[in-house]
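The two complexes that follow have chain A in common; it is paired with chain B in the first and with chain C in the second.
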Partner chain A sequence: MAGETAPKAKVFNCPLCGSTVQIRVPGDTISVVCTSCKSVIDARDENHRILSEAASRLNVPQVIPLGQRGRIRGQLWEVIGFMTRMDVESYFVWSEYLLYNPMRGYRWLTEADGHWNYVLPLKDPPKNPKGESVLHMGRTYRLYHNGRATVQYVVGEFYWLVFVGETVATRDLICPPEMLSIEKSKTEITYSIGEYLSPDEVREGFKITTPMPVAIGVAPNQPDLLAGRVKELLKIWGLFLIAIMMIQFLSIVITGEKEVYSGGYSYDRTDPVKTKTSPSFELTGGETGVKIGLHAPVLNHWFESQMDLVNETTGDVDELELGVEYYEGRDDEGLWSEGSRYTSAILPAVPDGKYHLNLEGSSSMPDILYSITVKRGAIPMSNFLMALFLISIFPLLLIWRQKRFEMARWSQSDFSPYHVHKDEE
Partner chain B sequence: MKTPYLIFGTLVCITLFIANRSGWSLGHALSTGNWNPKGRSVFHK
Partner chain C sequence: MLKLGCPACGAEIIFKSKVSVFGVCTYCSSMVVRHDLNLETLGKMAELPADMSPLQIGTRGKFENSAFEIVGRLKVRWEGGSWNEWYVLFENAKEGWLAEAQGSFMMSFSESNLSGVPRRETLEAGQTLKLLKNLEFHVDDIKEATCAGSEGELPMKCPKGRVSTSVDLSREGGEFACIDYSEDGVRLFTGKYVDLDELKLTGLREIDGW
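Now for the complex of A and B:
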């Protein structure tokens, strides 16, 4: 290894099948598995005693072959062992590569559903590793999985006595991009921290040219690369919200909504003169909106009026129809009411000039008095609401995507915060 | 993502300001189908 003394490998023939067996770390290796017959050999025994014979000689394909060297996080490692393990309850299978560097010791590279983890043994275990939440080095790890893992397949050399069927109790807790794993056997408890690696980091680090396993779903400790962007975008959204509120407020203040006409009228179904004409009024202050309001004291009836806003200079006419209806009564639940006696509408960008209104009413009542108000400089709320909607789209989409990502992360966990536990239903 | 959102949001603010100043109303445009206030349903009688 570059700058690091490579261990002198020990080579011998498998006492069972005669194949060449290599021990890359002679001092530390306790057991070595023959790559041909899968027998477990005692690495410390001078006669290479067979510890156990494999039930099957089938090869499980490895993404990284034994003896392959590669860099992870800038450090050079050599693959000396490979095993697949299975969760006893869910039958979920994953791969583990034992890495060795003479200066740094052992690490693991694990692959599950195409997601990779770089695993370091933990020398200082958490003080209180029980419970659904564990604090370690200032980070809070949440329980993701409780189970039992059994070795399904193994080749290469290991620093403990390994065998197919070796089973340990496991607890996995996550704090993306890290996973705290606790494994408990009959004799010991081991702690390790896994750090999520992208498949590209593994492929480039080990110069892998064969196809990599396709990453499926979201890994338990996979970092959400857009999570930080959500907070950033929400800050900008807050600034935009203040900006559009200021614009709306200033528009109202600068334009200065003011009443230019107000008048009362009578509607009589028998009146031969259907159209009423208002007195003339002036619209000034520039081409802004005109708000026309209608009030009629209806009760369990409706009233509506067709209105023409006529520019007396140019003859231009703006047509508008406004209607009110108001109902009230009493039922089993008490008094109820619906509708309103007042309504209004805004005509946009009406030029300055002299105007009058032509009004033609109709009603479910035979006669009624109603009033009309005309205000210059009306600023509609609809523009503000649309602006609010537009500036909120991106943050809302990101928040929705973030939640979907987290739900996908926890979908394989019995401890998901997004699940309703059966005893709570 | 930050820069496109900044540009987009700024354009929204500018559009809101211009729309309010010119008296244009989205609500009116939606209810009448007329998106141009200068060419609204005006006719001579």
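Now for the complex of A and C:
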């Protein structure tokens, strides 16, 4: 309407080295760094006053070059500035790319140890930003790092006055996949929210063909992608637990145990016939378990018996050994007792047929009477326990892995919930 | 709508808002002040400094279901940079300001209730003020601003170089307020951040590649 020309980048020559300097965002850009000599130039000044000269003209390699446009989460951005900053205590260095879109303003893309964050400056800062946990928009952010960040290297253009050596106090709090960062300089406090981006999102968004920095370890706000699955899996695990318990319970109720034989025997150490043979008994009703019980009235003694369940048709033998011991006495605390006079064992899946038992006793007593019971239809516990174990291995491994992930996440923090104190070395 | 002839070049100067008192002639860049139906010239307006704003005079949009059109613009400069104040006129003749700073946009409206607004001298950053009906606002910063130029029509005299003090205030939930102290007096505005996508803008300026 006003016959205005379409806005475009402003170009001038660096007053120090004469190279071409471009301002992509005239109006908002306050300082611009000459890509050649790295001098910081006042973008507001008609004469392009030099604000600071660089100690070194060396280029720090960038994954995404200045002027490159790309999409992050569906929105188009142009890289207009790049800087590296260092934490002055840990000497940890990371990269920051300033992104611009005339309709949406500014964002940051940061890269540390191969991990990327998409950072939005906050207009509505948290009400109470102090302390080890901060509530913002219904999310609780936990303190991860307190540090001091200093600008090491800078190129491109910025909406404030940049200079190498500018240092701010930083506080990073995490609520994966987000990180709340608070930066405090002498004059202002700024807040931003970073969201974890997978390296692939950055590579595809900016069509990067050069190798991406390798992601090392677990980033502070890296989401545990398996965590959601683990929750689902634990639910399924719970359902399976209930199911196999129901199966075990129902089997016991439906099948029922039926006594097919019971009889008493005597044991005598001096008896020349060691092996006693039971009368024959019939097992019917299909291939289920057989429960054999042993009762002996021992007191401060033990009795045990070797037993062979013999199939009279096939001659197959199932062997087992049962033993009982029972002790009691009196001490300072009164009467005590230990052990039991009855025990039993289950032989799983015994076919129908005619059987008898061969019994060979031994005992700490010279002689004793004992009784044997045989029940058909017993459900062995071992299958149930095996099933329980098998369905639990994988979930337990996943829980363990998840804990390892969280420990790795907090390994670089002074505020890790996984160790009480840090070595003062 | 009022159409008056430019005293300098004779071209038509249109005032869409009844309260506009200041305008810049599209053809000869003369600044004019309106006294009822008479126009007085104040000299030429210099060219506005370039920026990347996607907005321009004539851009239309919708805010809270009410259609508006941008009719004027004030470019303000301060120590740390500059911002645009777009003067917007709604279909119901209500006026507002769409502020644009570093790609962030805020729609605000003038408040007539100035109770709780302190004198300029007593104001400090970090203070809490009770404005309007006892709403607590936090004083974020105080800027000494200079008009870097204007275009279109405006409800106050805005020649280049006009100085004012601009105070930003915020409240929980993204609401903000602005107090403007100038030779014309004290003005209070309240509003909120807006996303350009919500405004359904048409007639935007074309920006190379975007």
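For the reader, a short list of remarks on this structure follows.
Going forward, the second predicted complex is superposed on the first by the 373 of 425 C-alpha atoms of A that agree within 3 Å, B and C clash if a C-alpha of one lies under 4 Å from a C-alpha of the other, contacts with A are read in each partner's own complex, and residues count from 1 in each chain.
Going forward, contacts are C-beta pairs under 8 Å (C-beta built on N, C-alpha and C of every residue); 3 or more make two chains touch, one makes a residue touch a chain.
Here the structure is a predicted model, which means the values were calculated and not measured.
Of the two partner chains placed around the shared chain by superposition, chain C is the only one that A:160 touches, whereas chain B remains out of contact. When the shared chain is aligned, chain B comes close enough to touch A:383, but chain C does not. Within the superposed three-chain model, A:30 lies in touch with chain C and out of touch with chain B [touch as defined at top]. Contacts of A:141 after superposition: neither chain B nor chain C is touched.
With both structures placed on the common chain, the touch criterion links A:191 to neither chain B nor chain C.
When the two complexes are overlaid on their common chain A, residue A:118 makes contact with neither chain B nor chain C.
Chain A is touched at more residues by one of its partners, and among chain B and chain C that partner is B. The touching residues of chain A, when paired with chain C in their complex, are 1-4, 6-8, 10, 24-28, 30, 44, 69, 76, 100-106, 123-124, 127, 159-160, 188. Chain B contributes residues 1-2, 5-6, 8-9, 12-13, 15-17, 19-30, 37-38, 40-45 to its touches with chain A in the complex. Residues 26, 49-54, 56-58, 80-82, 102-104, 141, 151-152, 170, 172-174, 193, 196-197, 205-210 of chain C touch chain A in their complex. Those residues of chain A that touch chain B in the complex are listed here as 226, 229, 232-233, 236-237, 240, 243-244, 247-248, 251, 255, 287-289, 308, 310, 314-319, 345-350, 379-387, 390-391, 394.
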